[in-house]
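There are structures below to look over.
In what follows, chain A forms one complex with chain B and a second complex with chain C.
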Partner chain A sequence: MPPSVAPWWRRRLPPPLFAWLLVVPVLAFFAIWNIVPLLWMIGLSFYRYILTFGVNPVYVGLQNFSQILQDYNVWAHIGLTVLFVIGAVGVETLLGVLLGFAFWGQTTLPGRRLALTLLFSPMVLAPVAVGTFFRLIYDPMYGILPYYIHQFFGVPAPNLLGNGSTAFLSVLATDVWMWTPFMILMTIAALGAVPRAMLEASAVDRLSIPRRLRYVIWPHAKFILVLGVLLRTIDAFKTFGLVSAMTAGGPGNATQLISLTLYREAFDSFSMGSASALALFALFIAIAFTSIYLFVLNYQKREVAAE
Partner chain B sequence: MAGVRLLGLTKRFGAVAAVDNLNVEFPDAQVTCLLGPSGCGKTTLLRMIAGLEQPSGGQIFFDHDEVGEWSASRRNVGMVFQSPVVYPGLTVYDNVALPLRGTLPEAELRQRVGEVLELVELQAVAERKADSLGNAERQKVSVARAVARRPRVLLFDEPVTNIAAGERVTLKRAFKRLTTEVRLTLVYVTHDQTEAMTLADYIAVMRDGKLVQYGPPRSVYRAPRDRFVGWFLGNPGMNFVEIGAPGEDGGSLFSGAGPQLKAPAMVGFRPEYVEVLSDPEPASIEARVMRAPITVGGQHLLTLKAGDTTFKAKTDYRQTYATGQTVYVKIPADQLRWFDPAREELSPPVPGDAE
Partner chain C sequence: MRPKLKTRLQQGFLWLVAVAFFLPVLWIFLAAFKTAGQILAVPPSWIFRPTLQGLTYMASHQAFWTHALNSVVISLSAVVLAIIVSFVAAYSFSRFRLRGTDFMMFVLLSIRMVPGAAVVVPMYLMYTALGWINTYPGIILFYTMFSIPFSVWILKGFIDGVSPRFDEAAQSDGASRLHVMFRIVLPQVLPGIVAAFIFNTIFVWNEFLFDFIIGGNQVATIPVALASGLYTSQGIDWQYIASLTFVYTLPLMVVIYFFQKYLLVGMTFGTVRGEV
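Now for the complex of A and B:
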């Protein structure tokens, strides 16, 4: 009897093959659900292929892309989306960090644990459900918010979602309501990454609060915090359900985010070729965003390495 | 610098009193070592002095200021933690200078930081990033940072515990240099008696949240107040032998001792004061060598048995001993300490005692 205790199927297979066998299911899953559709989409973006026409795809080269680049509407929707991302993520980060610090400083607050649990609740709701509820809250006839605006300011109850100038901000506010807790939690997690001895040392050393933030908290907290901002940015860029349920892009094009344009192109016009091209375009923008964050995040590390 | 006075200081965690009604004064410009086994409350005490832990009761004074309600920042203490704390991304120089920025003119700041860096022998790496250094040097950085601020009280919380054994020596040497060249009110927590013995002007021995004994190292070592201190200080600790009625076994070992005992009694003596002879002498008794390993210092650490009494002796490196060998043992009477066997505390000196 050999001293080996490995089961027969391990002994029969050479080690590299065994390792491959373990990885294959994940790779297969990834390939079938991610790589193939992506390649399919990239392929489709070079064709004119409209489902409802009953015609086979026609190769058109870069025509879909040139149409997107020349389409004023698409650029307007991308601009609106970027504005939405900057506004939503900016406000969420600001509020999240402030409230995160407040939570962090109050370790003995009664009910802290319960409050933290409740913070999760907006995040676990489906965006469509949140959108639907907020459409009712904003409703000029039955909505509670216009009612109180009417009561407090004596103005007629406003139609917040029906008005081109307030619809965008109303949708943005809903996104802030839904995702600020996420940034609070990320902030608490980030602050948890700061070693306690270091905080105590900085207090004993009589460092001012700005110095503590800069030299003690930021170096340890930045990774988790920037990761939170990154996740929020990518997520905000593809906001769909929330807006779809609240305004469906309207009134006019006031809340027409790129994801809604994409949806219309693909499932209203059934124009799969140009929708694929647009999706690819949006993907590049998201990748660009991500790269910028990662560049900034790694900046200091590279500086140290270059030293 | 300031003296530290503690009045009835208490810290309870639930039902457990980590620090129990402590009354003591650590004098100005002196090094006091808080010594005790793990979990005796010495770190908790230090953290209360620093303002990092809220006392459950009692008062803390720095000179005449009652600081119990003050924040850690307001107390103006310097603290060195068990694991080295350096501010990441800053050079050694900037680490030490950071707390001083804005409080001193640039020229004075540069001079002050330079002096302190020289004191802990860090000038050579002053421009290196502090977090790129090894543990021992990082700990030196945090010591320098604490000292440079000239705080009222310096607090060291087991500063060499997390340092690799080989690097401890350089760190301890730096501390020794620091304490001899700068007069500091330093409270130094350790469970290592060698550290305490070499650095301290005063030793405070703690056990179970209580202060057992306080005094200069030599007197605490020579006259431990109770059996615990005698056992804890010294390597190995004091021998203790209980003596029954006069004439009973064990008594013969100490027959040379002066005091007329009211038996029963407990006698303590340090292994290093036991004289081990190869030939009988007056007042010596016969003993058998049970074990004879060699200590770090190259001495022999004998386990001896005389009658039913087993005790330890530390002897010269020049002699060699074999297990089972017969030797003769003498203990100078002035090195015996008499303890009350019931309370295990040092008996008050009786007339005729060599003390």
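Now for the complex of A and C:
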């Protein structure tokens, strides 16, 4: 009788095979829902393909790309998006850090959990729901905000979403309201990374507040704070649901962020080829930002490990 | 007595900040208990006799139940599926460090950072070509992919925190690999599973663009119902929108009340660990 061999299902797979087997489902999802559409998109970006014309795609080489690069509107929308991102992330960071300091170490606040739930509620709302309802809040006839502006300043508020410049600021303000709590959250987390012993030592040494910020707090808090700003930047760049529900890019093109341009190119003009070309640009920007994000993250891990 | 007063003032200020941020949400919530006339009243009415008219009216709509059921079924099934496949992959990434693990983690995070409007174009064409538009498997599997990157990131982080000595000890006691994975490691990363479950559910629950484009009537969720507009002959039906937003948002608030400690890891896609 040969030495007993375990049946095949009891035998141990060699480790690499087992390891790969575990990754297969995720890879399968990745291949079907990412690789295939990506290749599709890259391919289409070289074609002219208007969905509604019922005509087969026509190969046009790099024409879609050159058209985008020359299109004044696309650049204007990218500029507007950059302005939106800088404005929103800037204000959110400033407000978030200031308020984050106020919440720092307040573990004995009565009803803290409820207070934080209220504070963080804006960022878990669906952007579409927020956008829809803020249309009513800003409404010149029935809106609560124009009403109180009129009460406090004595002059009727302009039609906030009806004018180009005020519409942009109104959308920006809504984004600030939604996402400042996120920066507060990140600030609290960042300050939590400062060792308590060092803070106490600096208090005993009577280090001045600016010096404490510069030499004690900043070195420990900077990473999480930078990660927060980066995440917020990536997210603000993606803003879609909020604007589409609030203004749909209008009036005119005053709030036409790049994700809306992309959407309209594909689903208003049904011009899939140039939409794909534009989408590729967006893809590169996202990859660039993710690389920066991971660079900072790994840098932090190395620094923590070195300590 | 002075320091005490100072503390009181500071605490009062913090509550004021929290309530200020909540105010617009409160305004939406209040509207759910108003009549259509009260919602549009000028000056705004903060104190009024609450009515359930809006909510009962909403509940009498067949469409509401369809949308609500779709929201629940689609987000829960997609997230559960995503967590299962992500857990085994994250285990492999963490323990075996196959070649390309870091690259794969990078790619997974990247795809979550791409604007949805960029991804939706090829996705729409693919779904049309395959006939997956407006089908449950189509939309659920899409949202599974949508939830995988974050799940893998968060679970890998948690599994990295479990010492491989547990695996070795169990294996030398004769435990099978699957036993190690599901009986030894899994119980220790339950917080990670909970966090991944909660935040992916929130993200899918709130997602609108993809369900709008690659979904359809049959699989429409509440955000799609909100976005595609609810008009009556007199214009926008604010009462319906307010009731819908209220019913839709309340569960989220309850969830962040009870699972507040996962908020940080959840909102940073599992890249930053810590508690608030």
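Simple rule for what comes next: the second predicted complex is superposed on the first by the 271 of 307 C-alpha atoms of A that agree within 3 Å, B and C clash if a C-alpha of one lies under 4 Å from a C-alpha of the other, contacts with A are read in each partner's own complex, and residues count from 1 in each chain.
In the analysis below, a residue touches a chain if its C-beta (ideal position, glycine included) is under 8 Å from a C-beta of that chain, and two chains touch if they have at least 3 such contacts.
No experiment lies behind these values; they were computed from the predicted model shown.
Following the overlay on chain A, a side-by-side fit with no clash is recorded for the pair chain B and chain C. When the shared chain is aligned, no partner comes close enough to touch A:Ala76: not chain B, not chain C. Of the two partner chains placed by superposition, only chain B is touched by A:Leu207; chain C is not.
When both complexes are overlaid on chain A, the residue A:Val36 reaches chain C alone and has no touch with chain B. Ranking chain B and chain C by residues of chain A touched puts C first.
When the shared chain is aligned, chain C comes close enough to touch A:Tyr263, but chain B does not.
Contacts of A:Tyr215 after superposition: chain B is touched, whereas chain C is not reached.
In the superposed model, chain B and chain C sit 80 degrees apart as seen from the Cα centre of chain A, a figure rounded to the nearest 10. In the superposed pair of complexes, A:Ala197 makes contact with chain B only, with no contact to chain C. Measuring only between alpha carbons, the smallest separation of chain B from chain C in this overlay is 10 Å. By the touch criterion given at the top, residues 50-52, 71-73, 76-79, 81-83, 85, 87-90, 98-99, 129, 142, 145-146, 149 of chain B touch chain A in their complex. Those residues of chain A that touch chain C in the complex are listed here as 12-13, 15-16, 18-20, 22-23, 25-26, 29-30, 32-34, 36-38, 40-41, 44, 99, 102-103, 106, 109-111, 113-129, 132-134, 136-137, 141-142, 144, 147, 177, 180-182, 185-186, 188-189, 192-193, 224, 227-228, 231, 234, 237-238, 240-241, 244-245, 258-260, 262-263, 266-267, 272, 275-276, 278-280, 282-283, 286-287, 289-291, 293-294, 297. Of all residues in chain C, only 10-11, 13-15, 17-19, 21-22, 24-25, 27-28, 31, 39-44, 85-86, 88-89, 91-93, 95-96, 98, 104, 106-111, 113-126, 141-142, 144-145, 148, 152, 177, 202, 205-206, 208-209, 213, 222-223, 226-227, 238, 241-242, 245, 248-249, 252-253, 255-257, 260, 263-264, 267-269, 271-272, 274-276 touch chain A in the complex they form.
Contact residues on chain A toward chain B in their complex (touch as defined above): 195, 197-198, 200-207, 211, 215-216, 219-220, 300, 304, 307.
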